[in-house]
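As written, the chains take the letters A, B, C and D, and residue 1 is the first residue of each chain.
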Amino acid sequence: MLLAVILAILLTMILILIRALLGPTAYDRMLATNLFGTKIVLLMVVAGHALGWSSFIDVALLYAMINFVSTIAIMRFFEHQGASSQAAIRERVK
Amino acid sequence: MDIVLLGFLLLTAIAAIRLRDLFAVVMLFGIYSFLAAGLFMVLDAVDVAFTEAAVGAGITTVLMLATLRLTGRFERSPRPVRLLPLVVVAMTGAALIYGTLDAPLLGDVQAPAQQHVAPRYIERTMAEVGTPNMVTAVLASYRGYDTLGETVVIFTAGLAVLLLLGITEVPPLRLGRRVINDQVVLHVIVKALIPFILLFGAYVQFHGDYGAGGGFQAGVVVATGLVLYDLVFGDGHAQLVVPPTWLPRIAAFGVLVYGAVGLLSLLQGKALLDYSALAQTPLSGQHLGIMLVELGVGITVFAVVLAIFYAFSGRRRQA
Amino acid sequence: MSDWITLASGLCFSLGGFLCITGGVGLLRFPDFFSRVHAAGVTETLATPLLLSGVMLQLGWSQDSLKLLLVMAFVLATNPTAAHAMAKAALDGGLRPQIEQDDTTDQEGRSSKP
Amino acid sequence: MNMVPGLFNYWVAVLLMMAGLYVVIAQPNLVKKMVGLALFQASVFIFYISIGKVSGAHAPIFIAGETLYSNPLPHVLILTAIVVGVATTAVGLALVVRIQEAYGSVEEDDIDAKDREQSDEDDGGGP
């Protein structure tokens, strides 16, 4: 059962990775990065439980936290970056 | 499972080389760090996985993004692939792989690396130091000199960044102006989360004797909490909590705590950084010494990481 | 009693794993960013608690279970927030859902044909 | 043929190392060079940790009654190396930022061209 879950998570990771590599816009890559982090958390918990690693939950908690922070950081600095191009796109949309 | 993770790692690295959007490259680097951290978990290195996740995926990514903000997002059109670097790289790689052919296989108990000092650490840690986490014992007690050196290196690197960039004091934003647009949900959630992150940092700091964690990781976690605050609420908000002028002093204080513990044991008539002299019994002395030393490390790492972040985020792009 | 726990955790695991893969497929197959956020964010938010509570059921009452509860609370708080923030950032950054564009082109097409 | 899984970790570490090295040597953009350096660093970490792994062993946190643990020494070395690594990466990135401010570009070619210009001017302005 646990093995099947691990395989499912690994499969999902592959799918997400493909999206991260293809990702037409930067936002797609952002989303993929965030999801990948969550999948790693899940993998840590399930595999850690299945294989009996020590203190894997602390690590999983840290991963969840860092994942959130890096997503926020990516968004924040991306907005700084795109300030001029955003205006251009808005003009075009109008 | 480690083979799959290694495959992912290779894929990510190659994609990172090929992409020209540096923003995407940094995001892929974040994924790469997470993968590496997962791999460390598989290879039994709990503490290393902890550190790699906090440092590689967290702080390094943030710093690289902050640099990109200052230097520009796109790489110029790539040079044609040149032969010479490729040949050099291929030859070096071939030589290294040839070298690994004689290496002991993965997980071999008889490998030379497992024979030298490691058995002694593993057998004697509980009797001599009394902390269940051997990594902490080796880090803070057996190899205390090394760690003192590393702490000083981190302190120096922090000073170097401050000398190069300096911290521009950003006037705190006016109330009501949002940086990540109008993200009310984000503000509310982050405000609720930050105390827990700081609490988690304290847990990591003081639980390091018994499980994964310790000064290095705790410093980074606490700094990450403040970085998150600054990211969401705008430049300068974190500077109100921890003013930048304090940071070099805090960092120096951490190194001083470490050194003072060492000198204290010297004054008690034992060797430098031999904590057995610090209390009635050697074991409780070791406990006290490791706790103080880890605290020193944690303080230094926290101050340096935060100072570096301030230095990068406070800088404005010069046209 | 333990049979029930095995059954419940197995149910959690299979549902969680299924949702995981669904989210991955959705992320890969959906046409534009906003539908991808939707696919990934929603499945993720249900799959994570399911898998974690599956592990919790197997661990029983212990300190580890409590910590897992913390992880779950953290993920439940941050995941939808991150998805929401990303969608909002993308909208403010000039990305538009494809539906709108499809509609407009469709209407234009229809209006031009007759 | 149990050599392949036994050495696979090392091989991947070497390949990643070479990927990082290639970026550092061949890519003109300085920020990308820093990313390459970080890739290189991480591959060295993977190599070290692979050396310390003992199959069937526990993570080096004491459990009563267990005697087989992975080697804690590489873990200690790499743990500190990671934190020192981020500090040095920060110094490198700070240098990149200063170069951007001084030269207006982080592409190696531009910087070289500017330098050459500068030295030509210096020669011309001589005696």
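Simple rule for what comes next: a contact is a pair of C-beta atoms (placed from the backbone, for glycine too) under 8 Å apart; a residue touches a chain by one contact, two chains touch by 3 or more.
Please read all numbers here as calculations on a predicted model, not as lab measurements.
Novice: Chain pair with the most contact pairs?
Specialist: Max contact pairs: B-D.
Novice: Where the CA atoms of chain B average out and where those of chain D average out, how many Å apart are those spots?
Specialist: Chain B and chain D have C-alpha centres separated by 14 Å.
Novice: Give, as an integer number of Å, the spacing between the C-alpha centres of chain D and chain A.
Specialist: From the centre of chain A to the centre of chain D is 23 Å.
Novice: Using mean CA coordinates as chain centres, what's the gap between chain A and chain C in Å?
Specialist: The answer is 12 Å.
Novice: Where the CA atoms of chain C average out and where those of chain D average out, how many Å apart are those spots?
Specialist: 35
Novice: Quick check: what residues of chain B touch more than one other chain, meaning two or more?
Specialist: 26, 44, 46, 68, 180-181, 186, 193, 211-212
Novice: Using the touch rule from the top of the page, what residues of chain A touch 2 or more other chains?
Specialist: In chain A, 13-14, 30, 32, 53-55, 58, 61, 65, 67-68, 72, 75, 78-79 touch at least two other chains.
Novice: Identify all positions of chain D at which a residue touches two or more other chains, and write them in rising order.
Specialist: Within chain D, the residues that touch at least two other chains are 58-59, 61, 63.
Novice: Using the contact rule from the top, write out all pairs of chains that touch.
Specialist: Touching chain pairs, listed by label, are A-B, A-C, A-D, B-C, B-D.
Novice: Quick check: in the complex, which residue numbers of chain A touch chain B?
Specialist: 6, 10, 13-14, 17, 20-21, 23, 26, 29-30, 32-33, 36-37, 40, 43-44, 47-48, 53-56, 58-59, 61-63, 65-70, 72-81
Novice: Help me check something: in the complex, which residues belonging to chain A touch chain C?
Specialist: Spelled out, the residues of chain A in touch with chain C are 1-2, 4-5, 8-9, 11-16, 18-19, 25, 27-28, 30-32, 34-35, 38-39, 41-42, 45-46, 49, 57-58, 60-61, 64-65, 67-68, 71-72, 75, 78-79, 82, 85-86, 89-90, 93.
Novice: Tell me, which parts of chain C touch chain A in their complex?
Specialist: 9-10, 13-14, 16-18, 20-21, 23-25, 27-28, 33, 36-37, 40, 44, 47-48, 51-52, 54-55, 58-59, 64, 67-68, 70-71, 74-75, 78-79, 81-83, 85-86, 89-90, 92-96
Novice: Taking the complex as given, what residues does chain D use to touch chain A?
Specialist: 58-59, 61, 63
Novice: Using the touch definition from the top, list the residues of chain C that touch chain B in their complex.
Specialist: Residues 74, 77-78, 81, 84-85, 88-89, 92 of chain C touch chain B in their complex.
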